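Both complexes shown next keep chain A, but they swap its partner, so chain B is in the first and chain C is in the second.
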Partner chain A sequence: MKTFYKKFSEKFIEGLLMLSGTITSLTVVLIVFFLFKEGLGVFDKKPVEEGYVIALSKSNPLKTLSSEQIKNIYDQKITHWSEIGGKPDSIILFRAEDISNFYSDEEIGENFEGLSTCINRLVDSLPDIIAFFPKKYLAKDFKGHELTVDKVSLKEFFGGKEWFPTAQPSAQLGVLPLILGTLWVSFGAILLALPLGLAAAIFMSEIAKDNVRRIMKPLIELLAGIPSVVYGFFGLVIIVPLIQKTFNLPVGETGLAGSIILGIMALPTIITISEDAMRNTPRAMKEASLALGASKWQTIYKVVIPYSISGISAGAILGIGRAIGETMAVLMVTGNAAVIPHSILEPVRTIPATIAAELGEAPNGGLHYQALFALGCILFLITLFINLAVEFISNRKQHNKH
Partner chain B sequence: MELVDENKLAKNKKRNQAIAFWIFRILSYAVVAILFVILSFIIIKGFSVISWDFITKMPEEGMTKGGIFPAIIGTLCLVGGSMLFAFPVGVFAAIYMNEYVKDGIIKKIIKQMTNNLAGIPSIVFGLFGMSLFVNKLGFGDSLLAGSLTLGLLALPVVIRITEEALKSVDNTFRQASLGLGASKWETTRRVVLPIAFPNIITGLILSIGRVSGETAPILFTVAAYFLPKLPTSIFDQAMALPYHLYVISTSGTNIEESRPIAYGTALVLIFIVLIANLLANGLRKYFGKKVKMN
Partner chain C sequence: MYKIESKNVDFFYGASQALKNINIAIKPNTVTALIGPSGCGKSTYLRLFNRMNDLIDNTKIAGQVLIDGEDIYAKGVNVDSLRKKVGMVFQKPNPFPKTIFENVAYGLRVNGITDKKLIEERVETTIKQVVLWDEVKDKLKKSAFELSGGQQQRLCIARALAIQPSVVLMDEPTSALDPISTAKVEELIYELKTKYTIVIVTHNMQQAGRVSDTTAFFYMGELIEHDTTKTIFTNPKIERTQNYITGRFG
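So, the complex of A and B:
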């Protein structure tokens, strides 16, 4: 009886342990599922807000317009139908708010009960009109025709140069400026961090005495432990004003500020991983080099660095990965302008910062919400790719050793 | 003739080395200097703000006056909640990985997935926590949703540290215990875990430091902008230190007036991280000595 109980409890505990063992895999699968379920929904939606319609007069031959065309029409960048393949007349813009320019208050009615008839008559009487209004004011015997708007396409999403997810009447969901902004800031960060980090790694592993190293190591760990929001705060009150003054800019919140802060944050990753790689250089190799008369410095750059180059690159790539995924510090110092950056002294906006800044205002399940999840998918894929690349590099190193 | 050249060469070699080493030394000290600039800046600016009232009072007048008590309590609740989840699950997972499962495809998959989870950016955890815990499971913006999200984020760290601790336990201990007729679980619980315990605790403290500073995962799962009362249940919203710092330094009603509070909040946050690091390092040294003496 006792052995049976013991056996049973052994099995039970093993099951419990196994369940815990699978939890990380389960979490990754769930993250992928939820992220992509919401994120891919964006390609099933139209960029025009739900509950609204865009209508043309019956005589207008156009049937569909892209979201970019609609935006350009309402921004008055397109003023003639001929520019988008229609007749040569100029376009008359109409939004529901404009109705009082055409009809008196009595006709519209106190509670807008006459609005649908008014819009109906207006669309019927003006052949060059494009009307944007809530669907509930669409009359039953509507005399114009509803414009069909294309769903958000992959090409529009990845190739679009404008990110205005709340623009009316048609949202602009081009992620190109965000992707470029993220890469821009991250590469700037690594450019700053790599020389500094490598120097520190070489110093700690090859040059410094043991007691100096023993002091530096926990300090580097501490640098990694400082919360990102504190880095952001530091950047906001020190780096941003400094950049503004030095370069005489209207605002100091720039890509450069983001790169500096991210560079500092990437330092511990680069230092720790490259230092580990360098310390793994076999003693025999170093001693052979020294015995042949090479100086310590020659040994470092002819033996230690070539030997540990894969570890060093793994550290650099991982540093880029950290920088790409970093949210709060970037959000606080880069100025968040969703435009394609032309210089490091302009505000930029990264993918994580966009999610953090906009998700709170995006209605649950709407187009904007799903677009932000799609951004999350992109971020997830980029970082996954980076992690796999790092693993590939480190594995190759191990194969070489054998 | 040749001899002179060699002397010159040796001189050059020495000079090059001296220059290179000095550059590395200066750059390394620059890294340390950056750390000290950030720390001393926050400490000097924040120190004058810290007072008993600041730590124990509610925020007042649109967060331009008063204290940060609810944010401290909120962060403590979040850290506690996330560790309540991540610590047992993470330790169990590590035990399974290190003591039970045999080398093979399953171990490889679990390892790979844990690595992948560790590499996911924190904002993606926020998105996930929002869609699963807040919306799908209907927890709403709550301590529960925030703690679980943070717990998942901390999981890979806890697993990695526990695994390292378990690996460092000498195999002869296991063999001796098994040889005396103890079962696998008995061996793990009575022999392996007690030896690995100090290192596991060190890791726990470090991950507490990390979790307490995370902002992105709690933005949409728990954090409240201004809530001058304490949470009473796990389904309540709560304030949290990192989010508080973010809000009052970027989008508060009066940024200039609330600057001192921002410095104070940053100092409290840094203080938590410093304490966690010092404690972890101290424990590591203390136990390290003890193990050697045995």
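So, the complex of A and C:
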């Protein structure tokens, strides 16, 4: 009876462990599946809001326009049809709310009963018009023709230079500025954090006396435990004004501020991992070097660093990984301008900050919503790549040691 | 004139005393064996001669250690140049994760020698000196880890000799080796004597008998007896030495 009970409980615990393993793996798979299902949906959507149409006069030979062209027309960056392969005449812009410039209130009607007729007449009478209006005001005997707008294309998405997901009449979903902003800020962060982190790691593993190390180590680990909002707050109150003053800028919220904050946040990862790697350098190796008359510094850069280089790289890459995914602090200090940055002293916007800032306002299931998920997919792929790189490097390290 | 002298040397790890009042004088071009039970302080003593114990926090030395008549613990002594003069071979072969060539060249490079020709020459002569040349001449660019343990240890000896020290310290240099490699290293030690002053720690009595001119017996941090190897092995003056030696011979 006792052995039965024992066997049963062992089986039970085994089952429980397996269950938790399965649940964890399933959760990961589900999250990734959900992310990509929503994210890829964006390529099945048109950038013009549902329920609206863009129409041209019958005599206008153009059949389709890209969302970028539409935006440029409405921003009056394109003013003549000839610029996009049409007649040499200048474009007449029209939105439904402009109707009162053309027709009297009586003609339009109190409840817009006459609006579709008015629009119909207007499009018919002005050959150079481009009209944007709700589909319900499209007359049955419409005399113009409806413009077909292409679905969001991969090229537009990854190559587009503008991110205006809520622009009317056509949303601009170019993620290039966001990707560049993310890489820009992360690269700056690593540029700042790597030398500093490496120096601190060398100090802690090779130079500091044991008691100094015993104080420093927990302090650095504490740095990793500070919530990122606190970093953001610190950045906003100290670093942003400092940058503004030092470089005499109109605003201090810049890529540089983001880089500094992220650099500080990446430090603990870089320091602890590279310090561990350095401390793993066999004592015999260091003693051999010193016994040959090498100085402490020669030993550090000729023996310790080469020996621990894979650990150091892993630390650096993981540090970047942390920087790339970081949201809150960056959101607070980078100024969030979705434009391609030309210098580190301009506001930039990163992928995670964009998602955090915009998801609340994006209607569920809409174009904007799905575009944000697509951003999430990009972020996921970047971090996946980083993790694979770390895996690869640490595998190589195992290999080296035998 | 003695090559190495230690006068009233005490050594402490923190509060615990590892060496008590050690007095030894070593003549140039001799091999001195340090023997004694485990933990008696042989390695500690050996590592005093190239100030390797400096690397350990919280240690203290009293008394004097003279090499070529100069106190190596005096103020202003350049430890790096001392270590250039006093080479060391460790218990386990510890080549760098570099090529065979670079292992031997390392000491030259860190001591500021950049002349490629000179480095190549010196690497070749020292590898020949340790009778390893024929075995490695075709794979100088290969990793030192591709060598056998015995070859690695001879490479480490070559590495130590390349910077032309005048004293070579060896801490149980054959304890990780097979009998044939051990024999090769012992032969080598015997030959090196003509150029260097050698101090070797060993647990192997036969080895001490074969390679050394004088033997020092340590026990619990004290030097019990230091005399010619022949005297120590056949006619020690102190009973404890006698017991240890006979015990070890079984």
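Note that the second predicted complex is superposed on the first by the 391 of 402 C-alpha atoms of A that agree within 3 Å, B and C clash if a C-alpha of one lies under 4 Å from a C-alpha of the other, contacts with A are read in each partner's own complex, and residues count from 1 in each chain.
The criterion applied here is as follows: contacts are C-beta pairs under 8 Å (C-beta built on N, C-alpha and C of every residue); 3 or more make two chains touch, one makes a residue touch a chain.
None of these values were measured; they are calculated from a predicted model.
In the superposed model, A:A284 lies in contact with chain C only, and not with chain B.
Once the two complexes are laid over each other on the shared chain, residue contacts for A:M204 go to chain B alone; chain C is not touched.
In the superposition on chain A, contact is made by A:Q298 with both chain B and chain C. Of the two partner chains placed around the shared chain by superposition, chain B is the only one that A:F234 touches, whereas chain C remains out of contact.
Looking at the shared chain after the overlay, A:Y307 reaches chain C, while chain B stays out of its contact range.
In the superposed three-chain model, the partner touching more residues of chain A is B, compared with the other of chain B and chain C.
In the superposition on chain A, the residues of chain A touched by chain B in one structure and by chain C in the other are 295, 298.
Listed in rising order, the residues of chain A touching chain C in the complex are 209-210, 282, 284-285, 287-295, 298, 302-303, 306-307, 400.
The touching residues of chain A, when paired with chain B in their complex, are 6, 9-10, 13-14, 16-25, 27-28, 30-31, 34-35, 38, 195-197, 199-200, 202-204, 207-208, 216, 218-223, 225-234, 236-238, 264, 267, 271, 295-298, 300, 321, 324-328, 331-332, 352, 355-356, 359-360, 364, 372-373, 376, 379-380, 383-384, 386-387, 391.
Interface of chain B with chain A (complex): residues 13-14, 16-17, 20-21, 23-25, 27-28, 30-32, 34-35, 38, 41-42, 88-90, 92-93, 95-97, 100-101, 109-110, 113-117, 119-128, 130-132, 135-136, 152, 155-156, 159, 183-185, 206, 209-210, 212-216, 219-220, 242-243, 245-246, 249-250, 259, 262, 266, 269-270, 273-274, 276-277, 281. On the chain C side of its complex with chain A, the touching residues are 50, 52, 55, 57, 80-81, 83-84, 87-88, 90, 92, 94-97, 106-107, 110-111, 156, 159-160, 163.
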